[in-house]
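When the chains are written out, they are named A, B and C in that same order, and each has its own residue count from 1.
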Amino acid sequence: MEIIVGPYGMQSPHPYRRPHVELYDELIVHAQRAEELGFDGIALTEHSFWYDGYCPSLLPTLAAVSQHTERIKLVTGALLLPQHDPLKVAEEAAVVDRLSGGRLVLGMGAGYRPEEFLGHGVPEGRWGARLFEAMEVVRLALTEGTFSFHGDFYDYDKVSLATRPVQNPPPLWVCAGFADWSAKGSGRRGWAYCTTGDVEGGGSIFDLYEEAAIAAGHDRASMKRGLFRDVLVMPSEHEVTAIAEEDFWPAFNDQFLGFGFLKRMNPDGEQITELPIELKDMFIHNPRNAVGTPESVREQMKPVIEMDLDLLIVRTIWANFKHERTLRTMETFANEVMPHLRAESRRRQEQER
Amino acid sequence: MRVGLSWDLDGDDAGAAWEHVAGEAVAADGLGYDSIWVSESRDDATSCPSPVLWLTNLARQTNTVQLRATRRVTRANPVRVAEELAVLDVFSRGRAGLAFAAASEQGVPAAQVHETLEFVTHAWAVDEFRYRGDFVRFPSHTPDDAPRGVTTPQPGGTYVPQWDWGPVTPDFLAITPKPYNARPPAYAEIGDDETLAWAATRGVSPLVVADTPTAEAIERLIRYREIADAEGRVRAEIEPVLERRIVMDGRGDEFRFGGGSSELIDEIRALAAQTAIAHLVWRRSSPADGDLLRFASEVQPMLQA
Amino acid sequence: MRLGLLCGLGPESANDGYESALGQIDEADRLGLDFVLFEEHHGARGCPAVGSLVTAAAARTSAIRVGAANRQLTLEYPTNVAEDFAVADIISRGRVVLGVSPGERKAEFDAAGVSWDDREESFREAVELVRTLWTQGAVQYVGEHYQFPLEVEGQPGWRRQPYTPPFVDQWRRGQAKPDYLPMLPRPVQWPHPPIWVTGWKRDTIEWAATRGLGFRCSSLETDDEVRTKIGWYSDALEAAGRDRTEVDVALTREVFLAADGDEARERALPALRDHVAAIRAEAIDEQADLAIMSDLDEQALLDRCFLVGTPFDVLDRIKSLQADSGVTHLACRVWLPGREHFETLECIRLLASQLHTRLVA
C-alpha cells in the first residue's frame, strides 16, 4: 500500500487568507517534509474559477515539485480530465514524468461544478462518459506510438506524441466520490479506482467495483483500489478538538455548500446556506473518519487496513488548515500511525498468502 | 539592453537535452542573464510540447531570470493558457511572460492568434468577465447576442459570495489564481504582416525569431516601430525582442552574429541603434557557440552602458 | 479587484508610528493583501522620504507590493526618483509601484525652491524622463524643465545614443562631458514598474491615459465624481486606441470596518472629522470644485466618500464602482492620526477576510 499525503489545493480562503506566492513556497516545504517523513507521495487537487485561487494547473505545479524531491510520487488527485484536452494532458504528463524520472501518478476525476465545464468550453452533462473516454485517450497516447480513437466526444486519427514518458504508462487512476456509476464504470473498464469510500466512508463500494470488473472479464488481481481518507491526528485530544472546530468544520461548510457538492434545499426551495448540524456527526465525528489522537486513529484505521488498498491518500489538509498544524498532523501521522498501518497491512498480505 | 538565452529543446536524447538546457538556464540565472526562452514543439522525442510546464520546473531553481514561453494557439485552450501562465507567475514571483508564435507558422488565421492573446491578457487583468470572439468563447454558454470581445457584469441584485452560491451557473467567470503581476508581459511574433500591424497598433511587444534573416528582421522591427509611433505608443511600454544565433570567434552570416567580443559588441549595438530593440535573445544551438561566462563578462555589460 | 493599504505617516508618526505602520503592513502581507502605498508630504500627514519607507517595507515583507501613493517627482531632480525606485524594485524583487502626483501643497514647492505655477508641465516631463531612464539604456533627454545629462542641447525629446564603432568601455572613456548616460541598475519589472498618476485636472487625467499610464483617483472625490473622472480617463484611453487592460485604475478611500456598523461609525468619525478639516484647509485650485470641500455633511461623507461600517455595508458601493468604472485597485486608508494600532489591525483583518474575498470573484 502506497501512502500519499494531500491533496493540496493551494487555496487562500476567507477564513485563512494568504498570499499565493507563499502557498507555493510552502508546498515545496511540505513536499520535502513528506519525503523525509517516509510518505510515498504527495497529491494535488484542482478546480477553476474559484475565488480563493484554487490551483487550476496541477501538472506544471508538480513539475516544480519534482525538482525539489527525489523519491516521492507526484500525484494528481484529481485532475478533472473532461475539462481538459486529453491529448494535452497526456503531453504534459509525459513531460512531468520525464522531469521527475518516472514519478508521476495520474489520478483523474470528472468534476462536478457546471461553471468549470462551461468555462473550459465543455458542454454540460454526460461527464462520467466523457471521463472514461478521455482516460482511454490518455492511456493510448501514453502507451501507443501512434494511435487512432473514434468516440462520442473525442476523435483522433493516427496521432502520436513525440515526447514519451519514462513509465509506460504512468499509473492511471479514476478518482471519484461515492457515486455508483464511478465504481461500476471503473470496474467494467478495468481502471484502477480511487474513491472516498461508500456513502458512509466504508469499503462496500469496492464490492460493486469488483463485481463489475469480474462481470466484464477482468482478472480480480489486476484491479487496484485506492481510498481518500480524511485524517486529523494530533498528539492531544484538545488540539484535535480545536482544529475540528476552527478549521475542519468551516472548511466543510464552504466546500460542500459553495462548491455545489451538496445539493440541499430549504423547504422554500432555496439552496441552504448553512450545513445542517447533523452533518458534523457524519463527517467529523463519524467513527470511520480518522480524527483524534494517534491511539484512536490507529484504531479507526483498522477497517481501512482490511480494505486491502493499493493506494491511500491521507487527506491532512483542507483549504483553511493552518500551515503549521498541517505539518504537525503530517508528522504525527508519519511517526505514530503510518508504521502501524504498514506493518498491519504487510501482516495481512502475508496471512493471505 | 536586456540579454536572454533561448533553446531548442530538441536533441537525440530527451534526458540529456533537457538536463543540459536546465543546467545552462540555472547558470544563466547566476551569471546575470535577463531571460530564458523555450518554445513549444512536437517534432521528436525530446521536443517540449509544454514550455510553460517546463519553465515551472525551473522557477524555483532560479532567482531572478525572467521566464518566457513561446506558445502556439493550436491544441491550446486559451483558458488553460491563461491559468498555466498565472501559476508560473505565482510560482516564480512575477517572472513569467508569454509569446505567441506567428499564425502562418501554425497554419491558422492571424485573427486566431490576436484573439487568443487578447483573451489571455484580459483574463489576467480583470475579475469576472466573458468573451465572445470568432475563435474564443468564454464561458462556452455565452450567447451569440453578447457583445463582441470582453464584457464584465453590471451591478445589481444582492451580492452572494461564491462560497454560498451552491449549484448555479453564472454568466461571468473569473480566472484564478491571478498572476502575481497584473500584466505579465505578452509578445507576438511578427513574422506575418497582419500580426505586425496589429501588434504595433495595440502596443503588443514584437518578437522576431532566429530563423528570420537579420536584414528582414531589421526591416520588420523598423516597420513595427513606425506604426507604433504613429499610433501614439510610448517606447517605454514596448519591449521589442530579437532572437539571433551567435557564434563567438566564428563567422557570422545572414542569420548569425559572429566574431570576437569586440566585433559582437559593435554588431549588436549598431543593430540596436537601428531597430530600438530592448532585448536580445541568444539562440543557443550548441555549447560550441560560445561560453556563457565569457559572453556575460565580455559582451553583456557592454550592451548595457 | 486588487486590494491594498495607503499610509499617510506624518511627523507625529516618526517614532512608534513608523513601527506600528510597518507592523500593520506585515499583517497585510501575511493575509495576502495586494499592495501598500505611502503618501509623500513634507509636513503634516505624509512622510518626506517615501523611498526609504518603501525599501524598509519591501525588506520585511514577502509578497505584498510596495510603493509611493503620490511621489512628487518635481520636488527634486527626477533622475534621483528613478534610481531610488529602481533600487527598491530590486530589493523587493519586482514589487514596486510608483504613484506620482504633480503637487498638492504650494508650501512644499516653495520650500524646495520649485516653481508651483509650472508644476503641471514639469511633472509631465519628469514622468517621461523617469520612464525613459528605466527602459532605454544610454539616452539623452532635452526638455523645457529637465535635461539629461544636464546642459545637453538639441531637439526637444529623448533619443538613444547613436552607435559608431568601435566600442569603448565606460571605464576607459575618461572624464569627458557626456552627451548620453545610462541609468543603472535598471528596475526588475518589465517593461517598467507600474506608474499611477494622481491628478485632479481633466487634462492631467487625459494625458495619463494618452501615455498609457495608470490612474489613481484620490480619496477626495465622491463616488459620483470618481465615476466622472474615471470616465474622462477611459474616454481618453479609447481615443488613444488603448485598452483598459493595459492599465491600472486605482481608487483611494478612507476605510474603517468593524463587525458592528454603528460602532464602526462611532469609532471612525473623530479621526475622519480632523482629516476632512485638514483637507479643506489646504485645498488647491484644482480641488476647489470637489463636493467634499464645501457642501458635504457628515452623513453625505459617510454615504458618498468614506467606506465605513460592516464589510457588507460598503460592499455594494465598491462592487458597483468595480462594475461601472472598472476600478482595478482599491487603496484603503485605514489608519489616521488618533486611531489605535489594534483597531487598525482588526480592520486590516476584516479587509482581507471579508472584502478581498468578495472582490476577486
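Annotations for the structure displayed:
Everything below uses one rule, namely that contacts are C-beta pairs under 8 Å (C-beta built on N, C-alpha and C of every residue); 3 or more make two chains touch, one makes a residue touch a chain.
Remember, predicted model here, so these are calculated numbers, not experimental data.
More C-beta pairs touch across one of A-C and B-C than the other; that pair is B-C.
Taking each chain's centre as the mean of its C-alpha atoms, the one that lies farthest from the centre of subunit A is C.
Think of the whole protein's Cα atoms as having one middle point; the chain whose own Cα middle lies nearest to it is B. Chain centres here are Cα means. That of subunit A falls 34 Å from that of subunit B. Chain centres here are Cα means. That of subunit A falls 45 Å from that of subunit C. The geometric centre of subunit B is 29 Å away from that of subunit C, both derived from CA atoms. Annotation for subunit A: residues touching 2 or more other chains are 12-14, 20-21, 49-53. Taken residue by residue, subunit B touches two or more other chains at 93, 161-162, 173-174, 176, 178, 180, whereas all remaining positions touch fewer.
Among all residues of subunit C, those that touch two or more other chains are 63, 357-358, 360-361.
Interface residues of subunit A facing subunit B in the complex, by the touch rule stated above, are 10, 12-14, 20-21, 24, 28, 48-57, 59-61, 63-64, 66-68, 84-85, 87-88, 91-92, 94-96, 98-99, 113-115, 117-123, 161-164, 254, 257-258, 260, 263, 271-273. Across the complex, subunit A is touched by residues 29-32, 62-64, 352-354, 356-358, 360-361 of subunit C.
Residue ranges of subunit A in contact with subunit C, taken from their complex: 12-15, 17-22, 49-53.
Of all residues in subunit B, only 14-15, 18, 42-50, 52-54, 56-61, 75-77, 79-80, 83-84, 86-88, 90-91, 93, 137-141, 161-170, 173-178, 180 touch subunit A in the complex they form. Of all residues in subunit C, only 1-2, 63, 93-95, 131-132, 134-138, 160-163, 165-167, 169-170, 182, 184, 188-192, 194, 210-212, 240-243, 245-246, 248, 315-316, 319-320, 322-324, 326, 328, 357-361 touch subunit B in the complex they form.
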